[in-house]
Amino acid sequence: MSEAKIEYLLRLGDSALILGQRVSEWIGHAPIMEEDVALANVALDLIGQARLWFGYAGELEGRGRDEDALAFLREAHEYRNVLLVEQPNGNFADTLVRQFLFDAWHHALLEGLSQSHDPRIAEIAVKALKEVTYHLERSSDWVVRLGDGTEESHRKAQAALDELWTYTGELFAADAIDAELVAQGVAVDPASLREAWLHTVQAVCEAATLTAPPADAWMQSGGKQGRHTEHLGYILAEMQSLPRAHPGARW
Amino acid sequence: MSEAKIEYLLRLGDSALILGQRVSEWIGHAPIMEEDVALANVALDLIGQARLWFGYAGELEGRGRDEDALAFLREAHEYRNVLLVEQPNGNFADTLVRQFLFDAWHHALLEGLSQSHDPRIAEIAVKALKEVTYHLERSSDWVVRLGDGTEESHRKAQAALDELWTYTGELFAADAIDAELVAQGVAVDPASLREAWLHTVQAVCEAATLTAPPADAWMQSGGKQGRHTEHLGYILAEMQSLPRAHPGARW
Amino acid sequence: SAQERAFQERIDAGIKIEPKDWMPEAYRKTLIRQISQHAHSEIVGMLPEGNWISRAPSLKRKAILLAKVQDEAGHGLYLYSAAETLGVSRDQLVDELHAGRAKYSSIFNYPTLTWADIGTIGWLVDGAAIMNQIPLCRCSFGPYSRAMIRVCKEESFHQRQGYDLLISLCRDGTAEQKAMAQDALNRWWWPALMMFGPSDAESVHSAQSQAWRIKIFSNDELRQRFVDQTVPQAEYLGLTIPDPDLKWNAERGHYDFGAIDWDEFYNVLKGNGPCNRERLRARRQAWEDGAWVRDAAIAHAEKRAARTAQAA
Amino acid sequence: SAQERAFQERIDAGIKIEPKDWMPEAYRKTLIRQISQHAHSEIVGMLPEGNWISRAPSLKRKAILLAKVQDEAGHGLYLYSAAETLGVSRDQLVDELHAGRAKYSSIFNYPTLTWADIGTIGWLVDGAAIMNQIPLCRCSFGPYSRAMIRVCKEESFHQRQGYDLLISLCRDGTAEQKAMAQDALNRWWWPALMMFGPSDAESVHSAQSQAWRIKIFSNDELRQRFVDQTVPQAEYLGLTIPDPDLKWNAERGHYDFGAIDWDEFYNVLKGNGPCNRERLRARRQAWEDGAWVRDAAIAHAEKRAARTAQAA
């Protein structure tokens, strides 16, 4: 039982960490200085959330792995983040559309998890939900601004949406881990989030004059099960380089 | 004594390895398919040379560090390559101008080392010299082609030359290690290579209709002593990721 | 027609067709499609393996991998040359690839996720490629046949190197390294079997191509041969082939194996593989980013020619 | 003039000058230069530290570093706002930076080569900055003084965090970690001392700035104070300050220290530091790459305003 829960917590933590890592690559290079602040803020929130999920996962596991052991000493195939968050930053539209597609899901998920029968999960979800409410507001605003901005920004936002869409399918696909925890009232059924997500996405796309790709398009999957895209290995090589070079050191 | 020689061998090996690593980033992405082959060829030669220098360094050191321990288990500040080779690939002109500036020096250096009183060094240098003769021919040809090609290619080649020039100074700067080995007839005095290098560079620049920056421009230094640019850390993080993640494993 | 009959008789007699010989238009077209598809596969195939050059875990393995990817570029170049003897230019063929109109081997639309994938590609993907290509060394079109002889020699070398890499992981390696190899086999096994193409019942063009001797064996024959060859190799590595239906059939003298998921195959072919978009994008980008370099090379060659002419 | 006399009297009486007040043109210009230089330093200063966000070795340290770099962006923003009260726009100031006409603190032209550099920057660079800035909390120009109060509060927090990072490396860490810290100190010590500017004998503008109370202490005074504060901190870490001439002078009640290599200082100022070109290029690139985003934001705001107007 506990094993499924650990796996589930790693999925939550890994998605938050990898997106936080990606977003933080922007800092110092944002198109507007206010965005250096905003991007750092989102990255900080996500990394903070990852720490909470990892902390709980490590405790349940009881093998002495703390948040840093989980973040820095697992390989790509042991990571459980969704594929969406490991996609490259690309241009600002790619980054903000990725953020928006994730936020809309993350928000619905955390709303659900704040009702979890596991009080620790519920508590973390409540805290994270406050942050993610702001994330979603911000990324929605940007998608609208870019979609309904200039011709160039519209083209870029639409291209980003078309490109990233294929990674949204697995957000709603349940596997045995989900099923087990849903049955216990611990987790949320991913499929149940889809309607709310699609509703948000369609509303924002409409305001942004963007066209959401067909809901039944071909979808990639595998991230939650540890089958990633070629990008994750590079992210981890960089992120883990220092702890890996100094085994056992503390920082 | 041996310590200076080990240091010197690491300088030779590290420059070859890091340039080989940089060049190999191009494979599969070259502007002309024939260049995928040629770039791979240069990278292969350089990595082969690094293996020979490291092999000898490891033997002299006698602490059981083989070529892989030297390549994969040293940190940036322990690397002794010149700064020039760690500079980013940039566009094809940046890569080929970097290669040319290095080849012209490397060629003169290996010519000198093939007369080294250390027979092992002389032997490796003779072998490497054959390869580098071709490298220099190729990179000179490309510099001429790009410099005396289109307006755009001329502009890019000149920009690359202006950008990279500041990293050529340390190629000719001797320190205590050099002095000690020069006195023993083992190494070549870096300062003695400068004239031949400048002659090659000026001849190629002339044919390429490029203007070499002033010889007395401000020069960066530090690579040979382990003070690098911010780029090297990223190169090593990626290159070393696998051996670092699996301490003690053999591949 | 009489020409066609004479052509077929030469083929049946085992005489090679050379570029200057008369040939039916359909033969020419089929060959261009087949050879260029093969060339594109070599070129696109550089990408998944190139992905690990910078991260190869030893200098020797790095050199081997670099040399292998270099060979692939070389194979691409000969094969385009062989296609060019049929009256089409490399640039035209490459345009077709970049426009998404030409195919390349679907196997390269799978990602290389770990170092073990590099060994597994050598072992299975090169292994399957050789199985497909060795018969083509005897194909009817001279330039293609000669290119295949050279390619096959190098590829069997690659295959041995890939297998050797896996031996290091599986027989001499740590538990993690062996697990990495098993995971790679799990992901590459079925795609490798699909490399032989649809089963004979579904396969189009086969009969004509066999008559022309540009296809020698059927897809299913080759696939069976591959399975028979590979199973003992997996056993030696101590790896489990991810097929519960796999077992030796003493009666047939072959291994039986499970049903292939052809939906996946057609899906990847349609562009829905994990890396289709990325592979094509990487090649297009290389081409577009390199335009100014090619322009410069041409401009310089022209200047030089003009100067030589003036001097004469 | 009478106006000028009255202005100086207000300053002498410790009354703040506010943007709407009359002020001498030279006072305005000097302040714009000083405040914008400070703002630019915050913005460029994000780069050397940002270089390690992706590689921070623990999640806690990563969060701390992110928050710190975020604060720097925030400081840049207040400081540009303070400068804007003097009748110049942020875009104008940023253009000056990108054109290479405006200065920023030379310290950011040194590379961050190891993780210990992040701690050392917090300890020494923020330490020196605070030393320079605390007096400015009492400077004569209201918006600048208020910005400085906020900035100093956050920076002293950063300094403590930097020092704490070094404690982990030096007192609780491995020999390699401590060596990393010593190496960082060796590289950053002299550049940190140079942050206080040329010695008083060489310093231009100082007298007038002191009269206007936009400079409170002399460069040499502040530098001495910094050395006196820092030496015991280095001792606690067990690190050696790379200055053979450094020693306590009981008579003066201060540490004596060696001569500063001003050639290096002027060289870096001239653009020859290890990272001058890269820093400026990174900022310019961010600006150029972001142009379409800023255009989109403006276009959207205009569309929205037009729609609102139409609806009304």
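Brief remarks follow.
Letters are used for the chains, namely A, B, C and D, taken in the order the chains are written, and counting of residues starts over at 1 for each.
Note that a contact is a pair of C-beta atoms (placed from the backbone, for glycine too) under 8 Å apart; a residue touches a chain by one contact, two chains touch by 3 or more.
The UniProt protein names, listed by chain, are A, B = Ring-1,2-phenylacetyl-CoA epoxidase subunit PaaC.
Source: prediction; values computed, not measured.
Between the contact lists of chain C and chain D, the overlap consists of A, B. More C-beta pairs touch across one of A-D and A-C than the other; that pair is A-D.
A centroid comparison over C-alpha atoms places A as the chain most distant from chain B. In this assembly, the C-alpha centroid of chain B lies 35 Å from the C-alpha centroid of chain C.
As a whole-number value, the distance joining the C-alpha centres of chain A and chain B reads 41 Å. Residue positions 75, 233, 237-238, 241 of chain A are each in touch with at least two other chains. Among the residues of chain D, those in touch with two or more other chains are 55.
In terms of which chains touch, the assembly is arranged in some other way, matching none of the line, ring, star or all-to-all patterns. Pairwise, the chains that make contact are A-B, A-C, A-D, B-C, B-D. The part of chain C that touches chain A in the complex is made up of residues 51, 55, 111-114, 180, 183, 187, 267, 272, 274-275, 277-278.
Listing the residues of chain A that touch chain C in their complex gives 75-77, 163, 218, 220, 222, 227-230, 233, 237.
Partner chain C is touched in their complex by these residues of chain B: 17, 21, 24-25, 27-34, 36-37, 40-41, 43-44, 47-48, 50-51, 54, 67-68, 71-72, 91-92, 144-146, 148-150, 152-153, 156, 238-239, 241-243, 246, 248-251.
Partner chain B is touched in their complex by these residues of chain C: 43, 46-47, 50, 53-63, 66-67, 69-70, 73-74, 76-77, 80, 115, 165, 168-169, 172-174, 176-177, 282, 285-287, 289-297, 299-300, 303. Touching chain B in their complex are the following residues of chain A: 75, 233-234, 236-238, 240-241, 244-245, 247.
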